[in-house]
Amino acid sequence: MPVTDRSKLTFYLLLAPLLLWLVTLIILPHVGMFIVSLREKVGVREYETSFANYAVFFNEPLYWNTFARTAYMSIASTVLTLLIGFPISYYIAKLTRGRTKTTLFLMCLIPFWVSELVRTFGWMILLRETGVFSGVLQYVGLADAPVEMLYNDAAIMVGLVYTSMLFMVVPLVTTLDSLDDSLIEAGYDLGASGFAILREIVIPHAMPGIVSGCIVVFMLSLGNYLTPILLGGKDSLWFTGLIYSQFITRFNWELGSAFGFLLLGLSSLIVFVGLKLSRQSLGKTMAQT
Amino acid sequence: MTSTPDLEAREISKSFDDFKAVKDISFTVPQGTFFSILGPSGCGKTTLLRMIAGFQKPTSGDLLIKGRSVLDVPPNKRQVSMVFQHLALFPMMNIGANVGFSLRQRGVNKSDIKQQVEHVLERVGLGGVADRSVSSLSGGQKQRVAIARCMVLEPDVLLLDEPLGALDLKLREHMKIELKQLQAEFNTTFVYITHDQSEALVMSDQIAVMNHGVFEQVGTPKELYYAPQTAFVAGFVGEANKFVATVESIAGNAVTLRTQGGRSLQGVAAGAGLAKGTKAHVFVRPEAVRLSRSAPQSAGNGGEGIVQNVLFNGANSQVMLLDQLSGAEINVALPQTGEYRDLVKGGAVHFWWETEQTRVYARD
Amino acid sequence: MTSTPDLEAREISKSFDDFKAVKDISFTVPQGTFFSILGPSGCGKTTLLRMIAGFQKPTSGDLLIKGRSVLDVPPNKRQVSMVFQHLALFPMMNIGANVGFSLRQRGVNKSDIKQQVEHVLERVGLGGVADRSVSSLSGGQKQRVAIARCMVLEPDVLLLDEPLGALDLKLREHMKIELKQLQAEFNTTFVYITHDQSEALVMSDQIAVMNHGVFEQVGTPKELYYAPQTAFVAGFVGEANKFVATVESIAGNAVTLRTQGGRSLQGVAAGAGLAKGTKAHVFVRPEAVRLSRSAPQSAGNGGEGIVQNVLFNGANSQVMLLDQLSGAEINVALPQTGEYRDLVKGGAVHFWWETEQTRVYARD
Amino acid sequence: ETLRLLTWGGYAPDDVIAKFEAETGHTVEVTKSNNEEMIAKLRATNGGGFDLAQPSQDRIAGPQAEFGIYKPLDMAKIDTALFIPSMLSATEGNTTVDGAVYAVPHIWGTSGLVVNTAMAGSVKDYTDLCNADVAGKVSYRLKRPTLIGFAYAMGLDPFAAYGDEAAYKDIIDQVEAKLVECKAGVKTYWDGGDELKNLMRSGEVVASMAWDTGGWQLNDDNKDITFVAPASGALGWIDTFALPARGRADEAAYAWINFVMQPEIAAMITASAGNFTASQGGDADVDEALKAKYQASFPQAAIDNIKWYPSVPAGLEALEGAALDRINAAK
Amino acid sequence: MITGIPQSGAFRWTYRAYVALFFIFLALPLVTVCVFAFNDSVFPSLPWNGFTWAWFFGDTAPHIGVFHERPILRSIVTSGVVAFWVALLAVAVGTCNAFLFVRYDFRGKSVLYILMLLPLIIPGIILGISILVFSSSVANTLEDATGLWFDGLRPGLILVVLGQFSFITTFATLVISARLQKFDFSLEEAALNLGATRWGAVRAVTLPFLYPAMGAAGVVAVLMSFENFNTTLMLVGSDAPLTITMFDRLKLGSTPVLNAVSLLLIIVSAFLGLASLLLQKREK
């Protein structure tokens, strides 16, 4: 592009909204949040700068246990989503064509055109003690009393996987679609079995899609609030829940900000490690979504 | 030696829904032959090749490799390899891993693989590149790696689906010669698909000209060029002037015709179905037409033309003449000797060609 | 008539960082000329054209259109139009809107636009398509719309950047002739870029052969083909056998040389810088080499060769000979008469060519 | 004007709103909430976004000192004659900061136990919710009233320890241990009154710590369900009217206060919320059935045993919050 | 599609069954939500008490239908207003960003690009609280300094719009950039060559080319805005958008009126989603 021939004015006019957005809505707020997280409350309207709020986190097993639990549940839901979604994506991208393909792909998207709240609400109706599954089990005689399937980790997992599926399937279908069929055929032609082709050709090719799907799903799970709270009930403990309660029921912004920062650190760290392990770059994988 | 052919097709057909892409084709390819299938886009070449490779099941007919039917053999077990149009080199592997892929699938041990890969790469003139990435190669080198990848298994038959289609003009010219040399060196049977007649002519031992799912003619390049058996082959292979004319009389092979513009032509009957009073297609190659400054006293066809256009192109220059009598346009190859280099637009010149060079086909 | 040329470049240059893409080129293009710039990929053709169109500012030098410098005229005010490589037809507009685009920019009123659009479409043989969408046209028709879109403004100069590059072989052959006819009809100056020598030869009045940012030679197609002034032009325009040899003596134009393989050659000096004892490049066109069954008694160059390969390609068939004496490989065009059709691999044949056909250039 | 009212479920029934709108021309927008969220929201908006809030009287002075989210009431604009004088002055006393009064009382009631007597007859006090025979079928809120209630049931006196942070922490620690132990038997922690009612009605929960009114309302549908004042004493609360610091519709807010404190309107609200109001003569028009239920749940001894919330000193809430979090996290 | 790989019948059958099961899994919650919108019971759960339209049109307690629920109707309007502004801003800024990133090379470009992507990996709640905390402190400072009120910086619709805009813009930028990347720059040069001014060329050629992507980005923005919860919850004032209102109801255990709202939402979203797909198809 002959930048030199273009007006500098246009450049600055285009740059301005970007900077305005990033600086006032992303960068400064995070700086501000960090500053607030360093305020230790020492009395009525009296604050001092310290790491006391972070100390609270590290001194209270509850908080870092929740932190760890949130992380591994999120990782588990990411892996599960990948395992369930990959065969589906492969089916759509490689084993169907034309109208069937479009239809199946659309069917994958439809649930996600409605809000997460509605989707979770649906699961609540299905899983609750007076809900559909319990009723069906009793009806067919597999249970003689109502069965409670809500309010446990499995329910949370179902909800998380369900809610994240789109964000896995879309990038996977996109990358698998871009895999030239003749590569797969060439693999067969050269004597490979289906499994060898999956391992040596399909998965390496789909790696950017896998990584981008995993990052997004992981972030969505980690940052989720509704699903754990509505499906997990009294065991819903989720780190975002702690942050919300600091802000919304404890009006303790200082501790809440510290928690927020810790969550941000954790998510960035895990994403960073994931990118390094898979040798992908953020810019490249995110263009997949 | 009349040993069993490497490849034999018996009345093989393929239908998609109610569209018949390949219609009852039979042919045999003897060991070591460079066999080309030449035809326009959509005529069914790829479909035929994919049936041989095992990627598509024939609707009817049988396929034999080394005399044994392979209809029930899956593609990963067939002794045929395929070079894909866009080569289908695995971008996620380096060159060595690409070439060694099939050996790994067979569980050959690592050091043997390494050795065999190096050996076959050397044979295609690419020794020592095993550790480089596919993308670091030029188009022609990629081509050779794709062939090496197939040859490492020593297949009975190598299938190639327009492998030069994606290359640029100069490289394509070069690779034509190289491919033929590689084939001769490996002495493997090649089945080569193309829609470019010059590729087929230059490389092949045998060419099958395909159209609408059938083979119109199978023969050597020279047979196809000098003795095309159908109007389609005459028009598709090589350049030709084409006239429509009405048959006035037939005597044995000799046909007399009259074009719409009123010119009388003498030709040889080159296909069945010609009858007095019917319309016929007449083909004459541009290089068969001779020029002369004065009216020639020959027994063939000819007349006087006005130069419409001189298409100077070095050794391949042509003139376009307007036949004064019939108003037909005639392309004439200018002699390489440079004789008629002075012709200019608007000038008049005599032209003529021999009866034997005038091939007449019934209009279907 | 020595009127002011439509286009004139004076010592024009363009550098990117420290890479000089176009180096001090000067040329003039008289009104109504079909002027081609022919050169290999990356030699700077597009850069030169974009400077003329105004998309790039020359680093130094001057550009004149109809005698007036246009350096300070922005592209949307220059009286030159450009046909882009991929045509750049606006897909969001129908054909009429495409062709009328420039008129709309000038504020011409609607009914006039409609009329002029229809008129220019008729001139390119596409009357009545104004309401159709661009995508409904074939490749060749799009080409003509692109030209019509430029011609509607009656530009002084029409620039074309490899407009045929994206078309397939058969269509390209056809469009060559059509483009030349359109140019003649509009009588507008065309500046045409290509890396395909056959395009340039067939269409142009004048060709500039470009290499590494400079014009190696400017001349008519025949001049370039028969009297190339540099080794690059001799190699790039048309096919040629090329030998490296050492100059043994020079007498006026006549040069005697000896190749590495030991063959003695007689040729004509075709460039400056030849001196006894220096290395030289010798070029001979394949069609200049004659074959004979027995040793010829000619004064030119020649010897006996073994057929390495027969590249049968109809009228354009060639044989590759191995010179028995020097071990050099020589490509020979087979005569169109079909005389040496019987040559087969391994056979021996005599070859010779004339001294005048042997062009010698100093090695730089 | 539009009156943006931040209140509890049932405190602003549709018929009252319709009447108010018809009489005054103001419109009312209701946001349902609870004490913590009211404070949190007003803290976030710095006292903006709403024109009238209804926190409990014990939760006003602390947050006001900390965040300054309310503005003083102009008592001249309130028709004080409409209020029961003892409640008015008690509330004034608890909500005076720096000499300014911040709240007037609206509705009062108690927290205790709602029990399905047919299935959970054994539940007489908060700690009985941990009994094995009701395991899996009990519920309570995970909020400070639960801590306080359990403390009393365990024989402790948390209100007495309000002034002594160490003593209070000790109490909370014991309660925390108890609640963690009880957790396995809890069906779910309820959040809003309607949620609890649904749980009890469907039979998924048979006993819960709850507001008195919920029990009485459930009793209409199912005679087995009723409110029981716990042995260790019900907890008494008064919800108030307070003006957010930056409300924009003070006129409408005062109009609303004076409107709903009229005895006949107060009766309508009692019908909807289930609790009695601080309106002088407001219980005259109240449904006799409700009065009967009240009397059944509260014999004189139980009334005397009600523990009224004193104002919460700033700072205790952080302590309680951490305990609640740990209970929530326990397995 | 790969036609060439033969698979055993059993394998193919199992695979298809798995795919079918997957789609049942996807459809189940939504179908359930929709079906229970017609249950003549005050709880959205079994038993099935017969069919009713009451949760849409009912006007007597407890059977108050959506169309007579003032708070729900109001929050739908609120959501619509928010979505409109978010989409408008996100598409406008996203288009500028696309031009900047696709058309210009400048120092710090890659850093800005990563920053632009960052909102994708910042949990929504953190975006929400950071904006809340920051805007509050700015407001406090300004108010202390000037004695004026800065209500726009306190939780309320403006912050909700800004909060959603802060991450939806990233999506808009990606969608529009992808399209712009496919734009053949020579089209713009052709327009210049034919006498258009720079801005005229962009308007006549580039923007029309981008319209489908801008439209698709707008629809996506509307959908994301409508369903956003995590960020909105932290920034909402007294005007609650629909998801917040529904969440409050859901926590309290509501009547099937929620199912009715959901059904309406599903219909509208499906409609919008289809529209965006059609737009994307037009791109091709």
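First chain written, first letter: the chains are A, B, C, D and E, and each begins at residue 1.
Note that in this section a contact is a pair of C-beta atoms (placed from the backbone, for glycine too) under 8 Å apart; a residue touches a chain by one contact, two chains touch by 3 or more.
Because the structure is predicted, anything quoted here is derived from the model rather than measured.
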**Intersection of contact partners for chain A and chain D** = E
**Message:** On C-alpha atoms alone, could you tell me the rotation angle mapping chain B onto chain C? Nearest 5 degrees is fine.
**Reply:** 180
**Asked** Pick the pair with more C-beta contacts: A-E or A-B?
**Response** A-E
**Item:** Mean-CA-position distance for chain E and chain B (Å)
**Value:** 56
**Asked** When the centre of a chain is set as the mean of its C-alpha atoms, what distance in Å lies between chain A and chain C?
**Response** 58
**Asked** Where the CA atoms of chain B average out and where those of chain D average out, how many Å apart are those spots?
**Response** 92
**Asked** Hey, what residues on chain C touch two or more of the other chains?
**Response** 55
**Message:** Where in chain A do residues touch two or more of the other chains?
**Reply:** 130, 185, 188, 247-248, 253
**Asked** Where in chain E do residues touch two or more other chains at once?
**Response** 4-5, 43, 45, 132
**Asked** Which of the residues in chain C come into contact with chain B in the complex?
**Response** 169, 176-177, 196-198, 201-202, 221-222, 225, 237-239, 285-287, 309, 311-316, 333, 335-336, 341
**Request:** Note which residues of chain E are touching chain A in the complex, please.
**Result:** 1-2, 4-5, 7, 15, 18-19, 22-23, 25-30, 32-33, 36, 43-47, 92-93, 96-97, 99-100, 103-106, 110, 112-127, 129-135, 137, 162-163, 165-166, 169, 171, 174, 178, 185, 198, 223, 226-227, 229-230, 233-234, 243, 246-247, 250, 258-259, 262, 265-266, 269-270, 272-273, 277
**Complete:** Residue positions on chain D within touch of chain A in the complex are 36-37, 39-40, 43-44, 63, 65-67, 142, 183, 186-189, 202, 204, 314, 317-318, 321-322, 325-326, 328-329, 331
**Asked** Where on chain E is chain D touching in the complex?
**Response** 43, 45, 61, 71, 74, 132, 136, 139-140, 149, 151, 154-156, 237-238, 240, 248, 251-254
**Request:** Spell out the part of chain A that touches chain D in their complex, as residue ranges.
**Result:** 44-45, 60, 62-63, 65-66, 129-130, 151, 233-235, 237, 242, 245-253
